[in-house]
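For reference, the structure discussed in these notes is given below.
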């Protein structure tokens, strides 16, 4: 089985880290292909970045010409595009935001999300709400760290995460979710220290995608996620000739 | 005061109709400037179109180099982009989806939305929910007509609208909302026939935008809608050189 | 256009301040007429006052014999009566509670209301809920100041407001609402200091009322807000003769 | 124990019927005193009537000079005033709307309310919502009969009730509530025919009031229902002298 | 009238205390019969205990062979079994969790529950939610005391309760609920000290059960709570012979 | 990896069918062990059965003495016990009700559940609600077929399912869920006919359990699902000696 994992930004280094995380979670027979959009933001932080990212990710999948794949994992935590990709492709589509929440609901009564900047909290809340899994979300908290800063100083990142984790537990969280694809890996370091399950969205999405593929399930074409209608679409500013 | 009204698709004819509707609603001192994105879908029907449209609208406003404006009206019913535009510009931003709902809440206890294709219902429901005005929405109904077909046969459009209106009333709607910018004008023909107020989102958004400008109010920069962070962003597929 | 603004209490001085605020917000062609009920409470603080006020305001409008008007603004924050007035008059009716919330939703993701006494919080929450705009309300907070004390010591009022504003921001508010008609004017002084938009309900209601009138929209008579049935009604304790 | 039952309108005949219903439900040691407001609407149908009624009921209790009482039952289904009366008196206050819903929740998973005119549905929904018992309400339905017509043709009333009952069951109701104090008595005739429990609000409120009195419980003065502040209040239009 | 009160655990001493509380609340003509399950947990703390308790309570009522009874009170705060008992018996069934909440809603705008261990909070929240009375619940708080420790050191229990009461008030509670049948009696000691109404579920359930019996109301057999289907059921591990 | 799948009833034939379904979904390295409770109901239909089943399932797992296992799948659709099992065992626990809903949310905007008897609808709704996945549930519908009748006449079962499926789609469902473990297998026959994804809870739960095990995730012990406290518990009526 081949799973395509799309980064939501143009930073290839981040795609690699995400692919590593995805491969660590994947079953033996699963091949993971990472895609980095050729355009979009270098990191997605805020609504404008998220809207730009959604179009770029759609364009990336629309023009993909590699080997056939069985599922798509969207590796932008809280980013837009999920529903459009469900229209576009015929295979199952799993977004890391919803994936983490689905697994977290199985592990405790309330979960908390720990993300990067405070400005991303609203997007994540909306994404969980429309995915239908917000009911058991106790809180979404920021660490104050930008996406591209997560890996520059691992100790600072861990400390910021632990501080937010304490707040999340006080708000009722019994499970934590890594609220950024760039945090992948942190769950292994911090879970035993916090004595709490920590769910990484990339890993969760890979397992859910594999599950759907194995069960022969894919997106319903009845209603919301019908195939895009054929029409004229231009994907980016026309160039002067 | 100048209000920029952005069409969500690339069909200039539709921009003109929207601008006409906007001008009909505008106060004497208000200038309405219509913008048609240079890229994007020729009509927005479904999530993929909506995600593409959001990026194109943002790009259109980002690269706008006309006279200064005092407010932005986003004329795509149920389309994405609202929050990103709030980050981008320093003036008030009003989306026609939320605008129609805000005014409808003042006119009756429950409102209904009548839109084009059934596939757009989910987007509209989500847009109303995240805008905070879904509580009094009795139903969102489709007419089965595509966006670009609305004007080809006005009698068919009116009949389809009246059929859906009856269903909406049965579901509890006391006020109706035109669920597509391309329906602008229909409210004048059908309101007295139906003996119900019908709210057009474009008109509603123009009045709300004027209201905010007059009161000196604009988007809060504290929290969700802070200015976009400076970073590298590419707005469309790089061209081969 | 003429807008009638009804004070919810019998204190004429407060009507004047409200009318001043309304006039400051009104468009050039709008005439604002203030009405002070001849009976009711001298200030509305709590449910009993609110119920008394609602009947008095209805009676005031029912027996009004001045020049015709185009809209009614109800200037009691969190007070009852809104729906009854919608039944009574044929023109649009806008309550300052809902009006402030409608505009606040356009300016940030969550809003907070800062009111007078803690005892008023429940009424305001219920009023926002039934108006359909409570979803984005982060908090309703009291300042501990009574309605008629707001103007006696402006410095104390400002200090109390600023303290509550800080709490509201901590609760997630990105926009603030003045939760009492008697606070009108405060938004101009404090908005830049707090670097947050502050919405005054009186101003907001005037603009929304003007918007509805301009668009030719008025209350739906289908369903909830049908005209009152003709029947015997006595408006106050019969006097001994 | 003495329970004061206040009619919400000025029709003394209706007070008598309500008192009869209350007495039929009361415990041996309970004395029921009926109060008919000296002013207000002759029947409460719609918001305007409800607001007028609330003030009249408050005035009636405020000026009551009979023997001391232990609890108040408010016998207006869906009418305003509940919270104001809780501020006014020191004894428990039970509104028949909430009372019926509280008992109905104990008898089945979802309940339905059958009321008089459709225009009253909204008020009832709001009253249940703010009382905290709307969650298990499957539907609120009208019979098309006006309050004062309920007793003129009992067969018509029963037929209309049975028709609405069928609709309510289809909507999921497992228990029915009589949505008007003037329907009291109907539960005895129709419950076995429908093979469903039917809850009458007047009876329910009497039992709940007795329960609270017996347990020594009364309204909390902390927070929302603090005593009315001393101030100048005028209860009705001052008379020309 | 005879009311059967079932303890949720096997501790007969606790049954006696509950029966005492029930008798103190019962009307003169009401006989209270306490039942202690012959199997189950010695105290119910957590979900496993609650599930075990539910089956044991059902078995206790199923095999009851004493004098006929008119109602059942389930005296396990937050414990499972309520709906199953409604299927089993033909008389009204009142659970102390919901009973306390129903009365609390009549006494203040928001109520708080103070229970034993933190681990019980989730069960109580779910029980209130599915009973339809969670809307006005401000908070559910633990005292850190185990069920069987409540009576060992009354001073410690009171102190822990008072501490939690302060937190509950800060969270908006205007009324408190004793969140464990073993706390019965505490309301008399602490209500005046806290100047808040405190509702004891056992007393509340007795009054509600009496109310239903007096009004001739019992569980609806239409829909959810139909009689159990005849089938083979084994109530506990078959013994080796 | 070994997954223990517990039937919720004592019918061994049904355990076998469930185990077959589970094995069909399991990964190559997964061993599925079916457990049939030695006591409980022969089929679970209604609340009483569900409460009895929960205790029996807990007892079955508590006294299990087979080879170690890595996860538990609870194969009773809408039945109680989930949370208690999470307390009892140290490995991940997945209930087929929640499992089906989690996967269904990934496949369409709204899902519908088709179950056996109407009386089970309430339990399923509550189970989805407390699991945190009810938001996207469009409807829960019964087929009128008892659990043990599902396999006696496959044609009748399919016809009944298809009828309910049409109703579910009319209610907005874009994905269907088999609302009984005894329906396992039906998804393969009917999915292409209905042109809709159909999710079987047993298969879904197996995949989710495997996912959690692979990712090294298990139930949080912080808060709700702490280990059961050591205490005296009796699991079934003591036998006369």
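We just call them A, B, C, D, E and F in the order they show up, numbering each chain from 1.
Here is the rule we go by: a residue touches a chain if its C-beta (ideal position, glycine included) is under 8 Å from a C-beta of that chain, and two chains touch if they have at least 3 such contacts.
No experiment lies behind these values; they were computed from the predicted model shown.
Enquirer: Where the contacts of subunit A and subunit D overlap, which chains show up?
Expert: Both-contact set = empty.
Enquirer: Let me spell it out: compute each chain's centre from its C-alpha atoms, then which one is farthest from subunit C's centre?
Expert: The most remote chain is F.
Enquirer: What whole-Å value do you get for the distance between subunit C and subunit E if each is reduced to the mean of its CA atoms?
Expert: Centre-to-centre distance between subunit C and subunit E: 44 Å.
Enquirer: Just give me the whole-number Å value for how far the CA centre of subunit C lies from that of subunit F.
Expert: Averaging C-alpha atoms per chain gives centres 52 Å apart.
Enquirer: Starting from the mean Cα coordinates of subunit D and subunit E, work out the distance between those two points in Å.
Expert: 28
Enquirer: Where does subunit D touch two or more other chains at once, residue-wise?
Expert: 109, 122, 129, 223-225
Enquirer: Just say which it is for the chain contacts: an open line, a closed ring, a star, complete, or other.
Expert: Basically the chains close up into a ring.
Enquirer: Order of chains around the ring, counting from subunit D in the direction of subunit E?
Expert: Following the ring from subunit D in the direction of subunit E gives D, E, F, A, B, C.
Enquirer: Which of the residues in subunit A end up touching subunit F in this complex?
Expert: Per the stated touch rule, the residues are 25, 27, 92-94, 98, 102-103, 105-110, 129, 131-136, 169, 172, 174-175, 195-197, 199-200, 203-204, 207-208, 210-212, 214-215, 217-225.
Enquirer: Enumerate the contact residues on subunit E facing subunit F in the complex.
Expert: Of all residues in subunit E, those touching subunit F are 10, 38-43, 45-52, 54-56, 58-59, 63, 80-81, 83-88, 118-119, 121-123, 126, 129-130, 146, 223-226, 228-229, 231-239.
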